[in-house]
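Pasting the structures in now, so scroll down.
Next come two complexes, and both contain chain A; in the first it sits with chain B, in the second with chain C.
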Partner chain A sequence: MLSDRRKNIAIFLLPSLVMLIVTVVVPLLYSFATSFFSLDLKYKGWGEFVGLGNYFSALKDQYFMGSIKTTVIFSVIVVAIEFIVGFAIALLFNTNVKGKNFFFSIVIIPMMITPVAVGLTWRLLLHSTLGVVNWFLSLLGIAGKAWLADNATALATVIFIDVWQQISYMVLVLLAGLVSLPKEPYEAASIDGASKWQSFKFITMPLMAPTFLVAILLRLITAFKTYDLIYVLTKGGPGTSTEVVSYYIYKTAFTHLKTSKAAAMSFILLIILIPVSYIATRILKNRNEG
Partner chain B sequence: MKKILAVLLALAMIFSMTACGNKKGEEVAETKTLKILMEDLNATDQVLAVLDEFEAQTGIKVEAEVINYATMHDKLVTQLTASTSDYDVLVVDCYWVGEFAEAGWMEPLDSYIERDGFDTSVYLDTMMEMVGELDGVTYELPFYNYMMALIYRPDVFADEGLHAAYQEKYGTDFVMPCATLAEYVQIVEFVTEYNKAQGVEMYGTVQQAGRGDPIAVEFCNYMYSNGGDFYDKNGNITVNNPEVVEALELYVDAVNNASPAGAAGFNLDDAQAVYFSGKAASFVSYNTFMPILDDPSQSQICGLSEIANIPGGHALNGGWGWAIPSNAKDKDASWEFIKFIESHDIAKKRALGGSAPTRTDIFQDADIQAQYPYYDTVLDIMSEAVMLPIMPDSTALMEIFGRELSEAVSGAKTAQEALDQVALEMKDLKR
Partner chain C sequence: MATVTLKGIKKIYPLSDDDKKKGKKGLFKKHEEEIEHEEKVNLQITDQGTVAVQEFNLDIADKEFIVLVGPSGCGKSTTLRMIAGLETISEGELYIDGQLVNNKPPKDRDIAMVFQNYALYPHMSVYDNLAFALKIRKTPKDIIDKKVRDAAEILGITEYLHRKPKALSGGQRQRVAIGRAIVREPQVFLMDEPLSNLDAKLRNQMRAEIIKLRQRIDTTFIYVTHDQTEAMTLGDRIVIMKDGFIQQIGTPYEVFHHPANLFVAGFIGTPQMNFFKTELAEENGQYYVPLFGVKFPMDAAHMEQIKEKGIKPQEITMGIRPEDVSICYEGGVEATVDVCEMMGSSLHIHTTIEDKEIVVIAQSKELPEDKQLGFAHGDKIRLHFDGHVLHLFGLDEKNLF
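On to the complex of A and B.
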């Protein structure tokens, strides 16, 4: 017989466990299994067993590898900018600056908007002949650019838009970390005559380190999966300059209808992301225990 | 006494409640509802306008889910691969036909056509060939045509100063519409250059060179008009032949020197907005825009546009068809709707609203001719127009084509390199 405690655990755990199995584990196993076959959405059934064939053909696919490269560049730059600027904003919000609540609300707004709406809005703003941005620049005597249509600027523009939207997430997480820092070390430091810079460098930074890592890693994972923004803004173009890996996988599955190959690509993406999420969960666990 | 009255009242209330319930229940059982996924454009508006009429005639309600074209194919595919579909009637773009037929997603209509004696000989042959029959089986009835063409502004091209300056630079005058693609690109580039010098924002053309379908379909007009095609008659891949390479070089040249900056990222809406706001002298686009171009609520250049064949003479033909998904729940009801919407009177009503016809009798109808006098030109252009290859992997072909053309436009590859890559990947496509 189960003890009462175990019974309670089972009762509370069971519903979410069932949900997880049905919506996450089963599809995951299903797509893992299909990645070894030649399933094509046009035809019924799973096709032939091809072993690791789909994995090899994905790794040999220059556009898939190219899209991984673009995704890495995109993610690293986006997370770096969001972290640096986001931390600066969080530090500002952590002081008693005037109008803090007002600006805080403004900073949080972009996070509430769906990426598709953000993309469509920016697409209109950045229209080269009819958009507001180029019109405004022309008033200042600056020649506008074809922001999303030029190889030289397309990726940078997408990065800018992503930063505009996602920076609020960084601000939120880092600000939460700053607010929850203990007061005692700061008091002790000020009694010992430490300057503001010293207490920032020797107290804030080390204490915030785990928060930094978690914020960066979690954001890195979501940046790696960016899809909707690209879909709305550029469809991967011009050429392949903004083609990220999630968009390429989607195209493989639903335009080319090569479901098995797309499944194999997804698992390659998963293999890349597992170490990142493993480190993130380890840090979170250590922090909770410590 | 009061007690009796109260009991009576209560009984009356209960009775009336159950009566209501019954009536409601019957209605639910009786009303059939058909769902369709449709593209957000004028031809769809014309269908929406007659749905009440269909419901009054048959008691069948039709719900149309109207969305942007870019998401339609992928949304349909996920429905069609399931055992039952949310959609009871399909509208199928001409280049999905090969894929949908190969997958068995469309119900053959021959038995329905025969049973009800529906006359399919009224349709233009090109339309039946494209969005009607495939290998002797009728899968669709043609819904509307969206053949592309050259839409241009005679007033802009007639400018005397423009002609004089052109003559000075090239030693000859020009006429618009001109005869060859190379001449067209030279003229539209000159229009852009000339107007820029005058300080006027007027581009010779505006292209939809954004990656994906936009650039792929627009470039087909250039390719066909320059004598190229995807395959030759024997099924050999000819997409990287010299005439196609030349067409792509001309296309890229026009993007860089005749279109507004940013055209390399434009989709249909972006290019349309530029032309409709009066900032471009021509654009290669859908003939279905002509009625809207003369509608003051949507266009700033009413009555100024004319339609002509693509210089070189071969436009991209296109069209949509009505089909029944093979996993539809009530196929008879679906057929009832298709039969209604394609009947002569309803087809005429839709055509009068600006939905581009597919039936010869509608094209020749006196009322239609009076309202859209340029339909004779449209028919002429259509007689020389070329359609995309109907093959199981046609959507994949367009995706590859769109990606590589965009590579050429962005300067990442030369025209030859880009088309060689298309040819290479076409070898793996099922034809």
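On to the complex of A and C.
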């Protein structure tokens, strides 16, 4: 017999547990199973069992590998810029600058808009003939461009927009880290003769290191899964210049209708991301215990 | 050369945003309630904030050892932190070495400090904690190593050098905090209760080390403590504070034998001085203090001062230290023993005379053999005190002499 307490716990957990199983666990297992068959939406049934065949064919697919490369480039650049600029902004907010609260709200706004709305807004802003950006550049005597349709600028433009939206996350996490740093070591350092810069180098940086790592890793994971912004802005084009892996998987499943192969690709993506999130959670756990 | 001069120093901690929201009125109300319910909180709260220290005037000579003592919350740490440059000075002037340093950042004041809360660098090993100040000054590596190891040796923390502060006990952390100050040779040492977390033996040992350190480095020390033994043994001069005000500045001898007011008299010395409300009376030109039906006459030295200062007969509080009360076998006043504490070579005898408590210290070996281990509850003894050891305080709580 269950004790009353345990029964209560079970009753309260049940609804969310059912939700999780129905929406997460079942689809996950289903797609995992799918990845070993040759399921194709053009035909009925699961197709035949092919073992790891879908995985091998995914790894041999040059478009898939290309999309992974694009994703890596996109993620690394996006996270690097967001981290550096975001940390600079966080440092600024951590001082007693005037109008801090006002600017803080502004920095936070982009985070609250859904990526689809962000994408649509920027598509309009960047429109080659009707957009505000090109109009503004023309005032300065600079020739406008079809920013998102040009092979040379498409990826950079997407990166810019993603940074514009996601930097607030970096600012928030890093600022939270800065605010929670102990004050005493800074007093001790100033007594010990350290300059502002030395305090920053010898105290702020090492004390922030775990926060840095967690912020970067978590953001890398989300950057690696970027899909909606690409879908709205470029649909992976021009050519494959902005085709990130999530978008390519979507295309494989719902344009080429190769469901099993798409499932295999998803699991390859998962395998890439698991170690990253594992390290991040380990650091978080260490920090909370320390 | 490093003199430190504090001129009319005042510290007001500004109200926090929360306090401001609550409004000044709410704050005052809370303050009054506090006074009612708790022990007296005399800190002034003005519309600018909490006044933690005021009218602080002190000239500290080069190489002097100054000890700040006072009850919790009286502003000792605040004063020290202002000297260090960690707190802004709200009013007044602070000179180090004759130079006005009100606006100089701590790093330019050439001071070392032991923090009350240690303030160790959490991410550095003990070794790096000690070495930090020297590294900043670009001291050669071998000299750093020698100094760090010497300091660790003195403080008995050599075996923890590779550990992080997190893995140390409170007492060990405190020794690291001391170590961080003693590897340096600053103009002024500031120490905020540096021995508070050590056990009795270690505390004595470290006190001796501080005396040695002083002989070796020979510079100005400003030292905060709760511990009377530390204050008395270390200080050239002692500054006694209460509620942000200085009560008395003097040598250990002066503050002990000539306390400026009732507060100092009660604060310095353990067990506490005995106090009795009585009067200073006169009969044919001779002044005396009537107590328990006995007239305690003022001695010649006191009489001289009474004449000189023109002191009139008045209501007073009389104080007498437990060690100045002697047990006699004839005359004196009869007292009943309540509790008797055996302290080793001496006895602390708590007695009552006419419902008034009076504590007496007696040297065990000077007592009759059957009483050397103490008196029993209810025993009757006779107490005697001389006129020359009496401390007299007027209604304004100031020492009459």
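Assume the second predicted complex is superposed on the first by the 267 of 290 C-alpha atoms of A that agree within 3 Å, B and C clash if a C-alpha of one lies under 4 Å from a C-alpha of the other, contacts with A are read in each partner's own complex, and residues count from 1 in each chain.
Keep this in mind: a residue touches a chain if its C-beta (ideal position, glycine included) is under 8 Å from a C-beta of that chain, and two chains touch if they have at least 3 such contacts.
Note that the structure is predicted; figures quoted are calculated from it, not measured.
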Three-chain arrangement built on chain A, chain B and chain C clash or fit: fit
First, second, both or neither for A:P185, with chain B first and chain C second: second
First, second, both or neither for A:I203, with chain B first and chain C second: second
Partner with the higher number of touched chain A residues, chain C or chain B: B
Angle, in degrees and to the nearest 10, that opens at chain A between the C-alpha centres of chain B and chain C: 150
Which superposed partner A:H127 touches (first chain B, second chain C, both, neither): first
Partner chain(s) touched by A:T234 [first = chain B, second = chain C, both, neither]: first
First, second, both or neither for A:K225, with chain B first and chain C second: neither
Minimum C-alpha spacing, chains overlaid - chain B and chain C, in Å: 51
Chain C-contacting residues of chain A that also contact chain B: none
Chain A residues touching chain C - in the complex, by the definition given at the top: 182, 184-185, 187-195, 198, 202-203, 206-207, 290
Complex contacts: residues of chain C adjacent to chain A: 84-86, 105-107, 111-113, 115, 117-123, 132-133, 136-137, 166, 180, 184
Of all residues in chain A, those that touch chain B in their complex: 41-43, 63, 127-130, 144-151, 154, 234-241, 251, 254-257
Contact footprint of chain A on chain B as seen in their complex: 73-74, 77-78, 81, 99, 102-103, 201, 209-212, 260-266, 270, 273-274, 277, 279, 392-393, 395-396, 399, 403, 406-407, 409-413
